[in-house]
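These notes open a run of structures that come right after.
What follows is subunit A paired twice: with subunit B in the first complex and subunit C in the second.
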Partner chain A sequence: MVSLLLFELRKHFMKKPLIIAIVCFSLLNVAKISSEYHEKSLLSPETNLKWHDLYWGDFYEQFSGVMTDQKIETLMSIYQPLEKKTADKTASTDSDNPNTYTGNLYNDHLFFKWNFVDPMEYSYLYKQYANDVVHKANENLTFFEAMGNDYEYEKNRIILDRFQGRRIDSFAYTEMFQYYIHYDFSAFLVILICLYALMSVFIIEKETDMDILLVTTQAGGQATTFVKILSTTLFVCAVSFWFGCIDFISFAHFFGSLEAISLPIYAIENFANTSLNLSLGEYALLSLIVKTIGFLVVSYFCLFISLFFRNALLPFIICLFFMLGFIYFQEAFMGSERIILKVVNPFNLLIHRELFRGTEFVNIFGFPVLSYTAAIFLAFVYGGISLMAIFLFQNKNTVYRIGVSKSGDFEI
Partner chain B sequence: MEISFEGVSKKYKKKWALKDFSSHLEDGIYGLLGENGAGKTTLINIFVGILKSDQGRILIDGRDIEKIGIGFLSQIGYLPQYPQFYQDFKVIEFLRYMSVLKGIPKGKGEKRAKELLEMVNLSEAMDMKIGALSGGMRQRVGIAQAMLNDPDILILDEPTAGLDPQERIRFRNLITKFSKNRIVLLATHIVSDIEHVANQVILLKSGELIKQGSPQQLMDQIKGKVWSITVTDDTLEEMLDLKISRMMRDEQGIHLRVIADEKPDDRAIHVKPNLEDVFLYYSSEGEKW
Partner chain C sequence: MFFYQKGWLWVSLYFMTSLVVLFLFDTPKNPEIELNASDYHYYLDLINGPHTDETEERLKNEASHISDAQVALRKVYDDYYDGHISEQELHDSIPELEKVIAHEQGFKVIFDQYMYVRENTDNRYYLATNGWDGLLSTEQLDFGLLLLLLLLVAPVFCAEYTVDMYALHLTLRKGTREHALVKMLLVFVVVVIISILSIMMRYQFYEMKYGLNHKDYPLQSLSYYGTSLKDLSLFSTFLWSTGLKIVGHLVFAMFIMLFSIWTKKYALTLFSSTVIILLPYYLFTLDSSKYLLPGPLGFMLATGYFRGSEYERNPITDQFDLIYKEVPVMTLFILLFINFLIGIIFWRLILHHHTNAWNTRRRRHQLQMLTTRLLLCITVISLSACDAPDKVDKEYDVFNSISRHSFENDSYRFYIDETDVENIRPVFEDRETGEIRNLIRSPFSSLTSVENFIYGNGPFVYYIKMDYDKSGFYQQTNRLSLIEVDTTTFDEKVIYEQNANMARDSFLGLHTRDKADSAGITSFFVDNKNLYFVVDDNQIRRINRLTGKTDKLIQASYSSNIAYDGRYIYYLNEAYQINKYDTQTEREVTIPDIITTQFFLTDHQLFYINRQDHYHIYAMDLSNSNIQKVVRKPAWSIICDDDYIYYESRADNERYQINRNLLIDE
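Here is the complex of A and B:
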C-alpha cells in the first residue's frame, strides 16, 4: 500500500509545472504579505517614517506586559498634554519641531493614541465588557427558565460559560496578529494550486487509457481509488501547511514580532465577541486546521466532479465556477443574521473569521450549536458524501467485484 | 488451462455488440479476427472484467471467473488498444508501478521487469521517459507489463495498430516467444498479424462467431473459391463488381485475386487460398462488394 501511495504521489504531484507553480505562488504570497505590512502597518516606514524606531526603541518595553496603574499613569502623563494641545487644531503643523517625538504634535498625538492608548484602553475595558455579557446572560437564564424556553436557556448558559472570567491583563503588540488573522490571499492561492493539481488525479488515467488497464490489475480498482484519495489528502494537507507556515513566518518576519502570541484571541477587537477562549498562538493553529479541513472538503468535491470528464479543462472551469459561487455567497452573507446560510457554505471554513469572531448559534433539533461546530460537522458530512460518491462512481472490475466479497482475499 | 465462453452476449441499446458467443480455448495463440466493430474489444472487455455481459458465463478450468475472485486477475496479462501509459514515467519506473498494481513482491517485480525489458529489447531504454518512446517501443513496454505477472492468459487488443511493418514483424516474433504454455488471445483486423503465428482463428462478424478453426482448416473450407484472373486496363472495369482481394500489375497485365463461389470469368483459374481470403470471404458474405 505504501508503494502504491508513493507511486500515486509521484504520478500526480511530483511534476515540474506543479512545483514551479507552488514556488511562484509562495513567492507571490510573501510579496503580498510584505505589501500588507508596508501599506497597512502603523509602524511601516512607508506609513509613518519615525514610528517604528520610536515604538520599539523608546516606548514598547516601558508599556508592554501586565498593565499596571503606574504604566497607565505614565502613558497618560505623556498622552493627555498632547491631546490638549491638539484638541483645538491650532497647533503648528511643522514637521521639524524639536520638542516633539516625531517632529509634529499631531503626529505625536496619533502615535500614542493608535499604538498605546486605544489598544490599552480596549484591553483594560474588556473585563468590564465581558462582565456585562455574563450579567446579561445570567438575567436571560432566569428569564428563559421561567418561560420554559429551553433553547434560549441553553444558549445563554453557553454564553455565560464562555464569557465568564474573561480579562486582558497584558498589553502587547497585536498588529501582526491583527493582520495575520484577517489575511485571506493565501487561501485563494492554495485553492488554485489544489484545483490545478487535483484535476489530473483521475483524469490522467482516462487521458492515457490507463483506466482500462488499472481495473484489470489486483490493486488497480478500489485500492488505487483509495490511495488516490489518500495522496490527495496528503498533498492538500502539505500545501495548506506550507502556505500556513509561510503566512505565519512572513507576518512574524515583516511585522517583526510575535509578542502577542500568548494573549487571548479577544485581544483583537474584531474578536471581542468570540466564543473561543484560546490564545492567539492557539488560534493560529486552530485556524490552520480548520482551513485544511475546508481545503480537503473542496478538494474531494472537485475530485468527484473530475470523475466524469476525460480532459482536465472543463472540470477545472466547473470547479472554479463553484469556488467563485461559494466566495460570492460567503461575501453576500458575511455579517448576516441568517447564520445557517453561513454554516452551509464550505468556503466559510477557508475564510473562517465569520464563524469564530462572534458567538452565533444554529438550532439543530432544538439544541443551540455554535456556528463553527455546525460548519465543521457539515464539512465532514460533505467530505464523507464526496468520498462515498467517488467510490461509487469510480470504475470497477465487474468480474472480481463479486469475487472480492465472496473470497475476501484482497491483499496488496 | 482452458477457457470456455458459454453464450456470452452484450447489447448496447438495441444493437448486439456480442451475441451468444461460445468458444473453447486451450493453450496456444488464438487470433480474434474481425472488422472494426465486429465485437472483438467487447469480448475482451467482458473477459477481463471491464464490461459486464448481459448473458452467458466464462469458465476457466471449469470455474466461473466471477467466482474465482481477485485471483483471476493474477492469471491474466492484458495489453489494451492504443495504450499511452504515463508520459512522465521512465520505462523501468512504469514497470515497477505495474508490479505493485499486480501485487508482485518488490524484489521479484524488479528482477522480472529487467528480464522482460531484455526480452523485448528495451534494456537500453529503461531510463527513458515513456513520452519519448516510439509507437513500437511503447507497444513493447505494453507487452512487458502484460507479462510481468507471468500470466497463464495473455490478451492483446490490436497490438500492432500504428506500428510500421518492421515493428509489426518484431512484435509478432515476441508474441510467439511468449506464447509457450499459455493462452494468447490476440484481437486484430490485420490478417498478417496472426496468419503465421495463430494456432486457431476466431472469426467475428457483427458480434457473432462466424468460424473457429486452425488457419489451415479455414483455408481448406474455401478451397476452390479463390481465383486469379489476368486482365488489361480496358477490361478491368467490367471486373470491378467482383470480390477482389488483391490487384497486382506486371508486364502481362493486371492480376486480380477474386473470391467467388462460382467461376467468375472464363479466364479465371484456381489459386490456393490464404487467411486474408478467408477473412474477406466470411466478412463480406451477404454484402455487396
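Here is the complex of A and C:
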C-alpha cells in the first residue's frame, strides 16, 4: 500500500510543470505580500519615510507590553498637546519644524493617533465592551426565557460563555496580523494548482486506456481509488501548508514583527465580535487548518467531476466554472446576515474570516450552531459525499462489471 | 471543432447564457437617469451636445425658474385657500407654473451632469450615458468567453495528442504544415466571428435597453474616461476596443494552440492558458498595470487603454496617489507590435511542431455524463432556491411616515428613545407591565448601527441596520439590512440586504457593490411583494423583494406625511390635495374636498389640517367619506394613536393632546 501510495504521488504530483508552477506561484505570492506591506502598512516607506524608524526606534518599546496608567499618562502627555495644537487646523504646516518628531505638527498628531492612541484606546475599552455584551446577553437570558424562545435563550447563553472575562491587557503591533488575516491571494494560487494537479489523477489512465487494464490487477479497483484519494489528500495538504507557511513567514518578514502573536484575536478591530477565544498565533494555525479543509473539499469535488471524462478538457472547464460561481456567491454574501447562505458555500472555508469575525449562528433543528462549526461540518459532509460518489461511480466501471472477481480486487 | 467536439453546443450555450445574464443582471450605471427617464430626456433634448454659454444660461435660468415656480405655486394655492384670488385666477396661473416644475427630478439629474461637463467643456458633451457606460465603462473580463475559447481551441491540437494520432499523421501527405495551417486559419475565423458576435450582442442589447445615440460625441463625455487625453469619439472608441478585443482573443487562441503543441496535454494547456489570463488580472493593485503587459489580457479587456490617469487623495500622506496611469498611444502600438511578433513566432513554432490529426474521439459513458449534468443542475437549482423570499400574508396596520419613530401593537409600544443623545435606539414598552427594553436584542454593538425609524405591522416590527467592515485601515459601510422582528418570540429575520461596500477586500472582486442607492432613506414600509423606501420624505422607491428591481413609484411635492394602509399609499400633491395610489392596480385618484397641509391616516379615519378652514383639524370617515371638524384650533401638525390626537398649535407652538372620545362633532 505504501509503495502504491508513493508511486501514485510520484506519478501525479512529482511532475516538472507542477513543481515549476508551485515555485513560480510561491515567488509571486511573496511579491504580492511585499506589495501588500508597501501599499497598506502605516510604517512602510511609501506611506511615510520617518514613521518606521520613529515607531520602532523611539516609542514602541516605551508603550508596548502591559498597558499601565503610567504608560497611558506618558502617551497622553505627548498626544494631548498635539491634539490641541492641530484641533482648529491653524497650526503651521511647515514640513521642517525642528520642534516636532516628523517635521510636521499634523504628521506628529496622526503618527501618535493612528499608531498608539487609537489602538490602545480600542484595547483598553474592549473589556468594557465585552462586559456590555455579557450584560446584554444576561438580560436576554431572562427575556427569552420569559418569552419561551429556547433558541434565542441558547444563543445568548453561548454568547455569554464566550464573552465572559474578555480583556486586552497588552498593547502590541497588530498591523502584521491585521493584513495577514485579510489576505486571500495565496488561496487563489492554491486553487489553480489543485485544479491542474488533480485533473490527471483519474484521467491519466483513461487517456491511455489503462483504466481497463488496471481493474484486472490485484491492486486495481477500490484499492487504487483509495490510494489516489489518499495521495491527493497528502498533496493538497502539503500545498496548502506550504503556501500557509509562505504567507505567515513573508508577512512576519515584511512587516518586521510577530509581537502580537500572543494577543487575543479580538485585538483586531474587525474581530471585535468574534466567538473565538484564541490568540492570534493560534488563530493563524486554525486558519491554516480550516483553509486546508476547504481545499480538500474543493479537490474531492474536482476529482469526482473528472471521473466521468476521458480527458481533462471538460472537467477542467466545469471545475473552473464552478469555482468562479462559488467565488461569486461567496463575495455576494460576504458580510451578509443570511448566515445559511454563507455556511453552505464551501468557498467560505477559504475566505473563512467571514465565519470567524462575528458570533453568528445557524438554526439546526431548533439548536443554535456557530456558523463556523456548521460550515466545517458541512464541509465534511460535502467531502464525504464526494468521496462516496467517487467510490460509487468508480465501482461501476464497465470492465469491473463483466466478471473480475471482487476478492481478487481487494487483495493487495 | 463544431460537431465532433460539440463546439456548436458550447457556442450556443455561451450566447444564451450571456444574453440571460445581460437581461437579468445588467443595472444602469446611473440609476437616477432611468428612474427619472422622461423628465431627464425633456432637459437633455434641450441641451444635448457640447456645453455652450447658451446652455449655461439656460440651466441657470431653469434652476431659478423651478425654484421661483415652486414658491409661486405654493403662494397661488395659499392665496386661493385664503380667499385672496378667485378660482378662475387659480386655474389661469397653475398650468404655467406646473409646466415649469413638471420635470424637476430630471433637472436634478441633468444638473449633476452639468457639474461634470463644466470641468472641461471642450470635450465633455451632454448625452444619456447609461448605454455607452454599459458598453464601454467596464473592465470586467468576460469569463464565459474565456471558458468558451478554452473549450473550442484547446482540442484543436490536443485532441490528436490524447489519442496518439501524432505519429500516424506525420506519415500522411497533407498531414503536416498544410493541415496545421488550415487548423489555425479555422481557429482564427471562429475566434473572430465569435468575438464580433459577442460584441455585437452587447452592442444590440445596450442599444435596445438604453440607446446608443450621439456616436460622434467625445469619449470624455463619459465620466469613466473623464481624464483621458485621447481624442476619440464614442463610436471610434467602440470600434477600437472591438478591434483590440479581437486581437486579444486571437493572441489568446495562439497561446492556447502553442501550449497545446508544446505540452501535448489538455490539463497543462488549460492550466497555462488560464494562468496567463487570471494571474495578471488579479495580481496587480494598480489597475493600469495589466494593460502594460504584453500578452492577451490587456487587449481582451481593451477599454483600459482609453482611460485617463486618475488620482485619489491619500489622507495618510496628504498627497494624491496615482490609482490609474493612462496608457500612452505609443505604448499601445508597441504592445500591439509585440503581440503581432508573438503571433508570428507562435505561428512559426506551431507549424514547426505540427502534427496532423484525425479526430476519432468519441464520447463514451454518455449516461454517466448525463447523470453528472443532472446532478449539477439539481445543485444549482437547489442553491438558487435558497434565495427565495419568504411569503408574508397578514393584515396591515396603517403606516404614517410622520410617526416613523413609533408603533404600537396589542402587546407593546415601540419607539425611538432619544433621551440619551449618545445612544439613540429603538426600544419597546410592555403595555401591561410598563417595562422598557431595547428592541435590538443582539448584544453586539461594535461594527453595526441602527437607523432611527421603524415600521410595524401586527406582531412584526421592522428596522434598518447598517453593518461595517474594518478589514483595512478605514471602517467601511458594508451592508444595509432590513430586519423583521416577530414580537411574539423576538426572532429576527433578514428580508432585504444591500451590499453597500465599495472598498472591501473581496476575494476576486467578481461581485461588486449593488448599484441601488441607500442614501437619503427617511422611512420605509413593506408588503408581501415589495419594500417601499421613502427617500428625502417625498419620494417613494419600490424594490421588488424577489428580483431586487428598483423603480420610482411616487414623487410627492412636499415633504409631508406619506401613509400606507396595506394597499393604498396616501401623499400630498402640489395643490394641497391628498392623492391615493393603489399599489395593486397602480392607479391613482385624488380624494375630493380635502385641502390640507398635513394629514394622518388611521384605521377608519383620515385626520387632516383643513387649509380652507383656518388650519383646524378635520376627520374624514374612510367608509362613507363623511367629513367633520374635530378640533377647532389651528394646528401645524397632527399625530394620532388609539386614544389621543396630538397636535402642535399654530397659536403658541405648544403640543396638545385631545382624547379622541371627547372630540367635538360639527
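Operating definition for what follows: the second predicted complex is superposed on the first by the 396 of 412 C-alpha atoms of A that agree within 3 Å, B and C clash if a C-alpha of one lies under 4 Å from a C-alpha of the other, contacts with A are read in each partner's own complex, and residues count from 1 in each chain.
Assume contacts are C-beta pairs under 8 Å (C-beta built on N, C-alpha and C of every residue); 3 or more make two chains touch, one makes a residue touch a chain.
Note that the structure is a prediction, hence the values are computed from the model and not measured.
In the overlay built on the shared chain, the residue A:121 is in contact with neither subunit B nor subunit C.
Once the two complexes are laid over each other on the shared chain, residue contacts for A:3 go to subunit B alone; subunit C is not touched. In the overlay built on the shared chain, the residue A:53 is in contact with neither subunit B nor subunit C. Residue contacts after overlaying the shared chain place A:161 against neither subunit B nor subunit C. By the touch criterion stated above, A:207 is placed in contact with subunit B and with subunit C alike. Once chain A of one complex is fitted onto chain A of the other, the partner contacts of A:21 are limited to subunit C, with no touch recorded for subunit B.
Touching more residues of subunit A than its counterpart among subunit B and subunit C is C. Using the contact criterion defined above for the overlaid structures, shared-chain residue A:83 touches neither subunit B nor subunit C, since it reaches no partner. Contact with subunit C, but none with subunit B, is seen for A:272 once the two complexes are overlaid on the shared chain. The contact surfaces that subunit B and subunit C form on subunit A in the two complexes overlap at residues 207.
Remark: subunit C residues 143, 147, 150-151, 154-155, 158, 162, 263, 265-268, 270-271, 274-275, 278-279, 282-283, 285, 316-318, 364-365, 368-369, 372, 376, 383, 386-387, 437-438, 441-447, 465, 467, 469-473, 478-479, 481, 483, 488-491, 494, 497, 499, 501, 504-511 touch subunit A in the complex. Touching subunit C in their complex are the following residues of subunit A: 17, 21, 28, 32, 35, 39-40, 42, 47-48, 106, 110, 114, 129, 132-137, 139-140, 143-144, 147-149, 151-152, 156, 159, 163, 182, 184-185, 187-188, 192, 195-196, 199-200, 203, 207, 269-270, 272-273, 305, 308-314, 316-318, 320-322, 324, 327-332, 334-338, 340-341, 344, 347, 350-351, 353, 358-359, 393, 396. Of all residues in subunit A, only 3-4, 7, 10-11, 15, 204, 207-210, 212-220, 224, 395, 397-404, 406-407, 409-412 touch subunit B in the complex they form. Those residues of subunit B that touch subunit A in the shared complex are 45, 48-52, 65-74, 76, 78, 80-89, 93, 96-98, 100-103, 106, 145.
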